[in-house]
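Report on the structure given below.
Should a chain be cited, it is by its letter among A, B and C, assigned in written order, with residues numbered from 1 in that chain.
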C-alpha cells in the first residue's frame, strides 16, 4: 500500500520496519508501554479523585486545623515540581513504610512499580482534584441544598441526589484537565525507571539510535490518547448538561 | 492569629529546627557556587521562555479568536499538538531527535550557528517557549473571545482602525482577564523547568542531582530543592498579584 | 508433641520463606550493550543478564530481574525496593560507605572515545578546551570531575547511549566510559564513522574502583556470601568462560 511512498523516501521504509508490531520491530514494546501508561494514569486519576473528594469536603466542612493542613498539602503539591515530588514520595515513601514495618517486626514489603507510580501520581493529582471539586461543589446553588434539607433528606441523600448531579457538569472540564495531566505526567515516571511509554521509547531509541522516529511515534500515541479522551469528556459533559438552565458564561 | 494556627506554626518551626540539626547539611558550602549558577539558569530560562512563549501566544490566540480559517486552523493544531503530548517528550524530540539528524547534514557543523547548536540551552529554551506558547495560546483565545463584542463595535464606530482597536481596547482587556490564569501558568512553567536537566542543562535540579550522586545523600538536597521552588512560586504569585492590581482595574 | 509441631512448623516456615523469597536483582533500566539491553520483544539480553542467571542458579537463589533507573539504583537498594545491584556497578570506596559489594565478576579498563577529526589523548592536557560527555552517577563522572573538570567542559547524561548520540551528532568532542561498552558503540555504523578510541585513562583505583561487583545492602552478609559462592562456582565450572566466549574475544575478568 505504501510502496510508492517508500520508493520516494527510502528512510521511511526503515522507520516503518523499526515501528513494526512484531519483533524485530519495536512497535509492540511501545504499545505495551502505552497500555502501562494508561493503567497508571487511570489508577492515579481515580486515587486523585478519591483524595480530592475527601479534601474538598474537608476544606468546606472540616475544622480549622483540617482546613489548614489541607491548605498546606495543596500549596506544597502545586508549588513543587512533580519530578521532585515523585522522587521524594517514591524513595522516602517506601523507606518510611519499610521502616515502620521493620519496627513492627514484619518483613519489608515489596511495592510493585505500578503501585508506587499510581500512589505517587495519585497524591499529586489529589491536590489539584481538591481544588477542582471544591469549586464545583461550591457552585451548586445553596437554595437547592437547603430545600433538600427542608424536605428531610439525610446528608448522604442530599449529596447523592442534589450535589453530585449538579456539580458534575461544572467539575467535568476540570476533571478532563486532570485526566490529561495524569496521562502526561506518567512520562515523568520514565526518569524514575517505570516501564511506561516514554521509557520504552527511550530504550528503543537508545538501542536503535533512531531517536527522531521513536519520539515522533510516541508523540503520535500520546496525541491519540489525549484526542480520544477529549472527545469522551466532551460527550460526558454534553450528556450531563442536559436539562441544565442555559449555557454557562 | 488564631490559637490553632499558632500551634501549627510552632509545630512547623519545630520540624524545621529538627531538620536543620539532625539532617546532613555539610555539603552546602562546597556546592554553593554551583547552586547559585543553577538557580540563575533556572530563573533566566523561566523568564525568557515565558516572555517568548507569551509573545507567540498572543498571535496564536488572536488567530483562533478572529482569524480566517487558514490562520486559525494551524494555530489550533499547534496548540492541540503541544497540549496533547508530554513536555518531556517534546524536549527529547527537539534535542535528541534534531541531534540525530545532524550527521546527515555535515554542512551544519561548518555554519556559524554551530557554536550555538552545540550547546543544550537553546533547545531547552525553544522547547519551553513552544510549550508555553501552546498552552497560553489556548488561554489567550478564551481571553480574546471573552471581551464583549460591543466594546469592539463601539471602537469601530469611533473610527479606530482595526490595529488601534486591538492595541487600545481588545488586547488590554484580554490581558487583564487572562492575568490570573497566566500567573498560575507561569508557576506551572516553573515546575516544568527541572526537565531540562535530562538534556544536560545545569539548572538547580541538575545541581541537586549532582550533589546526590557525589555524596550519596538521598533526601536533604531534594528537601532544600522543594523549599527553593516553593519560594520561587511564592515570588511569582506575589509578582502576578501586583500585576493584577495594576492592570486588572476597571474590568466590566 | 506440641514442641514437635511447633519446631516442624517453624522449620517449614523458614524453609518455605527461604525458598519462596525472591531476590530482586536491580539492573539499569537504560540499555547498556553488550552487558544488558532490551530487545524488541521486551526481554533483557546481554552478557550481564546471562551472568545474573548463572550466578543465581549456582547460588541457588530465585532471582527476579528488576529494571531500575540507574541514577536512583543505590537509593532503591537502600530503601528496600531491590535486594541486589548487578548493573555493571564498580566497587569504589565511596560506594562502599553506603553499600556492600561481593567479589568482582569483571574488570575492564576505562577509555576515552572521541571525534576522528580531533587529535586528543586521554589526559587532562589532551582534553583541555574540549567538551567531554559522561554518564551521571558513574565512576567516569567522578573521575572526570576530579581530573578533567578544570580545563574541560563536562556534560552529564542520563544514559551512556545519549552521550554516544551527542558524540555522533557532534555536540560533544569525546566521552569516557567502559572500554567494552564503547567498543559496542564503535561497532555500529554511526560510531565507526564518527569516532575512534583515543586512549586509556590513567588508572586511579580509588575512583575507578577494583572491578564490577554485586551491590547489596550494608550488613546483608548472607546475600553477599551467596553471590560470592555463585561467582566462584561459575568461574570454577566453566560457565563464566562459556558465556564470555559468546560475547567477547577474550576474558574480561581482569586478572
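Everything that follows uses one rule, which is that a residue touches a chain if its C-beta (ideal position, glycine included) is under 8 Å from a C-beta of that chain, and two chains touch if they have at least 3 such contacts.
Keep in mind it's a predicted model, so treat the numbers as computed, not measured.
A.B. asks: If you check the contacts of chain B and chain C, which chains show up for both?
C.D. replies: A
A.B. asks: What's the chain with its C-alpha centre farthest out from chain A?
C.D. replies: Farthest chain from chain A, going by C-alpha centroids: C.
A.B. asks: From the C-alpha centre of chain A to that of chain C, how far is it in Å?
C.D. replies: 34
A.B. asks: Could you tell me the distance, in whole angstrom, between the mean C-alpha positions of chain A and chain B?
C.D. replies: Measuring from centre to centre gives 21 Å for this pair.
A.B. asks: Using the touch definition from the top, which residues of chain A touch two or more other chains?
C.D. replies: In chain A, residues 87, 91, 191, 202, 209, 211 touch at least two other chains, as defined above.
A.B. asks: Considering chain B alone, which of its residues make contact with at least two other chains?
C.D. replies: 96, 99-100, 198, 218, in rising order.
A.B. asks: Show the residues in chain C shared as contacts by 2 or more other chains, in ascending order.
C.D. replies: 75, 78, 158, 162, 165, 168, 190
A.B. asks: Which chain A residues qualify as touching chain B in the complex?
C.D. replies: Result: residues 64-65, 68-69, 75-76, 78-85, 87-88, 91-92, 180, 184-188, 190-191, 198, 201-202, 205, 209-212, 215-216, 218-219, 222-223, 226-227 of chain A touch chain B.
A.B. asks: Inside the complex, what are the residues of chain C that reach chain B?
C.D. replies: Within the complex, chain C contacts chain B at residues 71, 74-75, 78, 94-95, 97-98, 131, 133, 136-137, 141-142, 145, 155-158, 162, 165-166, 168-171, 190, 193-194.
A.B. asks: In their complex, what parts of chain A are in touch with chain C?
C.D. replies: Interface residues on chain A, with respect to chain C: 23-26, 28-29, 32, 87, 91, 94-95, 98, 108, 110-111, 116, 191-193, 195, 199, 202-204, 206-207, 209, 211.
A.B. asks: Any idea which chain B residues touch chain C in the complex?
C.D. replies: Result: residues 96, 99-100, 102-103, 109, 117-120, 198, 200, 206, 209-210, 213-214, 216, 218 of chain B touch chain C.
A.B. asks: Which part of chain B faces chain A closely enough to touch in the complex?
C.D. replies: Within the complex, chain B touches chain A at residues 2, 4-5, 8, 80-81, 83-90, 92-93, 96-101, 187, 190-195, 198, 205, 218-219, 222-223, 225-226, 229-230, 233-234.
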